[in-house]
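You will see two complexes here that share subunit A, one where it goes with subunit B and one where it goes with subunit C.
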Partner chain A sequence: MANTTLEKNNFKENIIKEFKKFENHLNSSSLVALHDLRKDALKHFDTLGFPDRKDEEWKYTNTDLITKHDFHQDFSINTTSLYAKEIKKFFIPELDANIAVLVNGKYSDDLSNIKDDSNKIYISSFKEVRKKHSDIFNTHFAKYADYKTNSFTALNTAFACDSIFIYVPDGNKIKDPVIILNISDTKKPNTLLQPRNLIISGKDSSVTLIDLNYTVGNNHSLNNTVTEIFADKNSELNLYKIQSEGDKSFHIGTTQVHQEEYSKFNSATISWGGSITRNNLNSLLNGEGCECNFDGAFVLSGNQHVDNHTLVDHAVPNCQSNEFYKGILGDNSVGVFNGKIIVRKDAQKTNAYQSNKNILLTKTAAMNSKPQLEIFADDVRCSHGATTGQLNEDELFYLRTRGIDKKEARITLLFAFASEIIQKIKVEPLKNILFDMLHNKLKKGS
Partner chain B sequence: MLTIKNLKANIENKEILKGINLQVNAGETYAIMGPNGSGKSTLASVLAGKEGYEVTSGEVIYEGENLLDLSPEDRARKGIFLAFQYPVEIPGVSITNFMKTSINEIRKYNGQEPMNAVDFLKLLKDKAALVELDTKMTKRFVNVGFSGGEKKRNEIFQLAMLDPKLSILDETDSGLDIDALKIVADGVNKLRNKSNAFIVITHYQRLLNYIVPDFVHVLHDGKIVRSGGKDLALHLEEYGYDWVKEENKKAVTS
Partner chain C sequence: MSGEDKILDELAGKKYKYGFVTDIELDTIPKGLNEDTIRFISAKKKEPKFMLDWRLNAYRNWLKMKEPTWANIHYPPIDYQDIVYYAAPKQRTKLNNLDELAPEIKATYDKLGIPLEEQMVLAGVAVDAVMDSVSVATTYKDKLSELGIIFSSMSDAIKDHPELIEKYLGSVVPQGDNYFAALNSAVFSDGSFIYIPKGVRSPMELSTYFRINAAFTGQFERTLIVADEGSYVSYLEGCTAPIRDENQLHAAVVELVAHDNAEIKYSTVQNWYPGDKEGKGGIYNFVTKRGICAGVNSKISWTQVETGSSITWKYPSVILKGENAIGEFYSVAMTNNYQQADTGTKMIHLGKNTKSRIVSKGISAGHSNNSYRGLVRVTKSADNVKNFSQCDSLLMGDKCGAHTFPYFEIKNNTATVEHEATTSKIKDEILFYCNQRGIPEEDAVALIVNGYAKEILNNLPMEFAVEAQKLLAVSLEGSVG
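Moving on to the complex of A and B:
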């Protein structure tokens, strides 16, 4: 016990020390305001430290297993450690898309492929965008993801550098999705990457984002991502996040959404890669008539651990939110679903729905499902349900009596179970690769 | 084709089948009748290979092989088909995909290539027509939201698709309206030939007017207590099972 605390402190102290090194690498043209923010975030990180399991928010996910490693971030700028041919395999066939590539959290001009130059959408690194849209950047950056109480967000904010800024001006409806290819290059041991993304969809705009997380190399890595999303009035934003990192990858992903009136946010969070994954997905419904849909699926094997942590904050009346998560847990894997819904005092006529269904394939797999409803208004419709069980024997037998062997029957049923989530994704080529990936994962794992 | 000898089976240490003897020959149809709880579905389940049954004695020989040694899928691949009394709903799996997987798994087992898409669609259409199942239904998830009658019709549709050697129909008539009963029975009659056999479990003579059996067996308390021709069913329709039960009791006590 004492030992892990010491190790944790080591990583913490080391990374704080590295801040100087980081400052030296930063371009001198770096905005003063941004840098003050970083320094403030670092102070908060120092005070907060990493969470332990006494922290209610981290009860089921042991960060000791992550922070016992001493991770290092590579601050050198303008270098890309990967070749185009190494990442080609991560592209989605038959999909017209703008592709923004991040390697270890850094935007890569060379690897990215932004076709859309119609000024209907701006996709670039922080550095570039600050030149053209510094007002928008400053209005929104670090305004939604709270670094004062969340230590991983504090750490990310302290080292926020050159990730992706996406801005869709008012009224623009973007047909082709934007792929954010978030690659951990772990050829060097203990790589720390801290992507920091800011996405703004203007009034009456719409855009679809595909957040793909992959690993190159076989060493340990920690991907501590923060993505802030501002959905302005009447905009529609789809975010599909795929966690497909390697066996030695740790992933702490925080997506903080801020929704204004009549905006619609649809998301699917699909996790089947990584060693320990924490998907924080939070939305503040800040204007009336908002709709917020969180879907998620996770398919785990070996010793994988996935923690889906969601928060829907109904701050105003007449909004609706739906959450639908499904998990398949094999071997010794562990899943967590922690779904918090806050309905504030004024948020009358709120409709909030939450469901989590899980299948355990072994006696040694475990699922912790915890709905948290904090309702302060009286005229609301709120429902939640969680079930965890085994594969249905009668269904299995039915398939087998039609000549389908046991293994194939299991895969068929599990595939059907998880595909309900994938089915809702609106991008066909993405759906197709996800179906393939799901099938492969099930074939290997069950 | 199938010989059942002195078959005894338990569920949770309770003896349900208490020594069944039955001979099934190719080209023939057998009706099994009997009161509720007498063990008809249990017999069907044991033949199909459902887990949870403990066979305590006896044997079942199917085409010269010990059937009880085979997995449910291998029994199906060797031509045994059970049309369930209570068909299971399979959310997320369409009937079309289900049948495609099923047919190709059976073909693979027999060393055949997967059926090509055109042939499969033709087969699907033909067999749907045979039981007058709307092909739109085949796009739906298996049995999900189906009415009682639709589920039964879907069972016979699957039977037609897989063209088994030995079909066991467990109360396929219950839930079907009069017109549907005729359609399904006609479908079954068209599938009957000299190399396959049918075991039809039913409570009602009416089905047997359409699917005329060669033999009728009465199952009571886990045993076949009466056998006869199709007239036996008519007799049961008129007099019920009490006389059979009485006779059986006498036979046991004497």
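Moving on to the complex of A and C:
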């Protein structure tokens, strides 16, 4: 990234100015509290500005490459710019699911397909929330994702509008997964979308979420999404995030999880689309007996850049966390893994494990890995491992002696390497399409 | 105004250019740092002009720099104007024999098993009582010069070998490298210089000799070791004996240069005053250590045992430039009470087929914080690099912290980089096993810690390995129970 003479533009100033326009579009009467929050977040965003590479958290990802574009958010209401047939290809075949569709960050009633089952699970836009579950919404909204120090979260919070609210009441175990189809419609240039999701799983409940990120059109876009998740006592929540956006898409995704006693959070973050992608995934283990599993795979080609930034914060004793990220980097791509585990003072009997394995396919690809442990309790078992290397020559040779040509042999080995992560996903139809996508990506990329 | 008055006036208005010369008879200068301080130090040491220019350049760099804040350490701001930057070695109060030594210091010496004569030197017993050791040192020196090995203080080297100093000083750690290195470059008082000529293998550890002198090393040390083609040297810095020093800030710089087929082994045992049980006092140790494997098949190996200082900020690094070069880093960092250590290494792979190995063992007890911070960088040009890093932390008690901050920047697909880190405590069942065999708790912990650190201690020159083991036990005192 030698190009340091990027011309600065006024993306930050412009977006702050557009806040007035945004306010005019809001039906502000009933949401005074929320709007005060927005204004506070905007103030913080103004002070923080966009992070530069002197910021340790952004050491390996240059946000100048994103913010040099002047992105605009569309504030108009009730306009879904896409037709049902345009998004049909993004559905997962043979999967019974509730489908919530977001187009440029806004919940679309027309495109979504929620089975009328509202006593077991509640899926709606923010607007609808007020009618039924406003107390729950107010208890949790913006309580977990920190907008005071994280500028992208501040920006998102300032413009938080009409994304998805999912609530699973106590004791409900939801069999069919919920698909959050997050589509960037980039037919207009420089589209900014800021989905803001709040997901709450009540006591003893369970639910599986599939977060699909796709692009329609071929202009630059910035998807700055924030998802807050509250997993109440003894609940189990699975979150599978697939980042498969277009070549000109920038993606800054922040997922902040708050776990209570004996809750279990499993996630898989699969990234192979987009130009520059940043996946922030943080979990606060706030009750004893929690379990938290972060898995991730990234398969990159061209000039793609993916930065997986995770934080597992063990605040109380007797919890365990596992983290496993694998990357394949081809062409000129750059991968980043920054995994932090904090074990707070009283979090005794913590088990935390972290691993990051990467394969570099070319001389021009690069991997930056930064696994960190910050430990303040003594009776813990924490370990991390990181490796970066190339395909094993012996394994390649073995396959070739069996008459498999070089290209196919490479693809087979890489497929096996990355599929270890996909295997952990518990939704079969999703797994199948991911295997197909992985195979296609490897065929094209290597 | 008469002509005479005019001249007088002019003279009075002019700053006296040679002001520092008159002061040269003094042994100390007032507190504070400015260009005159640096001129004074340079003049006092009768340095050639290039050295003065070099120091001034470093000082001007330093003025433009900011104290780094990224490390995981906390301390009140340092007032750089409240430091005396030059003091002739103080004549310490001489003792007539060891019996006059404070009993607790004597006890520590005994626990460490330091030979009697050395105890006397360390304690400052009158020199005539330890004539033997001094003559031993002189004998060593003769033997070394026969082989063409230059081993002298930095001040002497600047006077006697200015061409080598001019060539190598600052070639690995440039003056503006970092805040503390710049400060050191401007005001360093003394240190060691070693040059091993082509094909020479140093016949002894350059440590025995050094240790006898070590007790008097200053606050801003500068060490430079150059190993010419095919040579070998093993060097030990520091001392296992506890060293009390009035100077709170220590900013040393160590530079190593290994040419083709040369090998340098650099071992450190650091046991500066760590502050008392409440964390008051103690040395701030901000050290820049870096070696360059400039030639093919060269090797640099750092081994460190860090038990002292209230703050340790230190990252001995290796730049692997020559093909097939090898860099190694072995470290045991032990913190107790309120000590803070942020230490690790950097392995910068530039050359083909270069290898590096990092083994770091942190031990935290009391209220201390111990961080490993390391970088492994593989550049585009470095094919077939191999690196292995292992960072383990051992926690004792629930009030201390152990942290690991490894960075990996890999830009070459032929590299194999592996890293492992673990954090744990001493298992109760192991302690119980020892207790059951009649080993008291404190001894058992020392035994286990020594086993844990053995991989590192084995890399120290033998006699120091034994002392370092005991040192770990001594440093652990009061951390159990």
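The definition used in the following text is that the second predicted complex is superposed on the first by the 432 of 446 C-alpha atoms of A that agree within 3 Å, B and C clash if a C-alpha of one lies under 4 Å from a C-alpha of the other, contacts with A are read in each partner's own complex, and residues count from 1 in each chain.
Assume a contact is a pair of C-beta atoms (placed from the backbone, for glycine too) under 8 Å apart; a residue touches a chain by one contact, two chains touch by 3 or more.
What you see is a predicted model, and the numbers here were worked out from it, not measured in a lab.
S.K.: Applying the touch criterion given at the start, work out whether A:N432 contacts subunit B, subunit C, both or neither, answering first, second, both or neither.
M.R.: neither
S.K.: Answer with first, second, both or neither: which of subunit B and subunit C does A:K406 touch in the superposed model?
M.R.: In the superposition, A:K406 contacts subunit B only.
S.K.: Which partner does A:N318 reach: the first (subunit B), the second (subunit C), both, or neither?
M.R.: Once the two structures are laid over each other on A, A:N318 reaches no partner at all.
S.K.: Going by the contact rule set out at the top, does A:A416 touch subunit B (first), subunit C (second), both, or neither?
M.R.: first
S.K.: With both structures fitted on chain A, tell me whether subunit B or subunit C touches more of subunit A's residues.
M.R.: More residues of subunit A are touched by C.
S.K.: Contacts for A:N303 in the overlay, against subunit B (first) and subunit C (second): which applies, first, second, both or neither?
M.R.: In the superposition, A:N303 contacts neither subunit B nor subunit C.
S.K.: State whether A:N62 touches subunit B only (first), subunit C only (second), both chains, or neither.
M.R.: A:N62 contacts neither subunit B nor subunit C.
S.K.: Does the superposition put A:A365 against subunit B (first), subunit C (second), both, or neither?
M.R.: second
S.K.: Show which residues of subunit B lie in contact with subunit A when the two form their complex.
M.R.: Going by the criterion above, the answer is residues 48-51, 71-73, 75-77, 81-82, 84, 87-93, 98-99, 101-103, 105-106, 109, 141, 158, 162.
S.K.: Using the touch definition from the top, list the residues of subunit A that touch subunit B in their complex.
M.R.: That would be residues 392-395, 397-406, 408-409, 412-413, 415-417, 419-420 of subunit A.
S.K.: Residue numbers of subunit A touching subunit C in their complex, please.
M.R.: Touch residues, subunit A against subunit C: 56, 345-346, 348, 358, 360-390.
S.K.: Under the touch definition given earlier, write down the residues of subunit C that touch subunit A in their complex.
M.R.: Per the stated touch rule, the residues are 70, 380, 393, 395-425.
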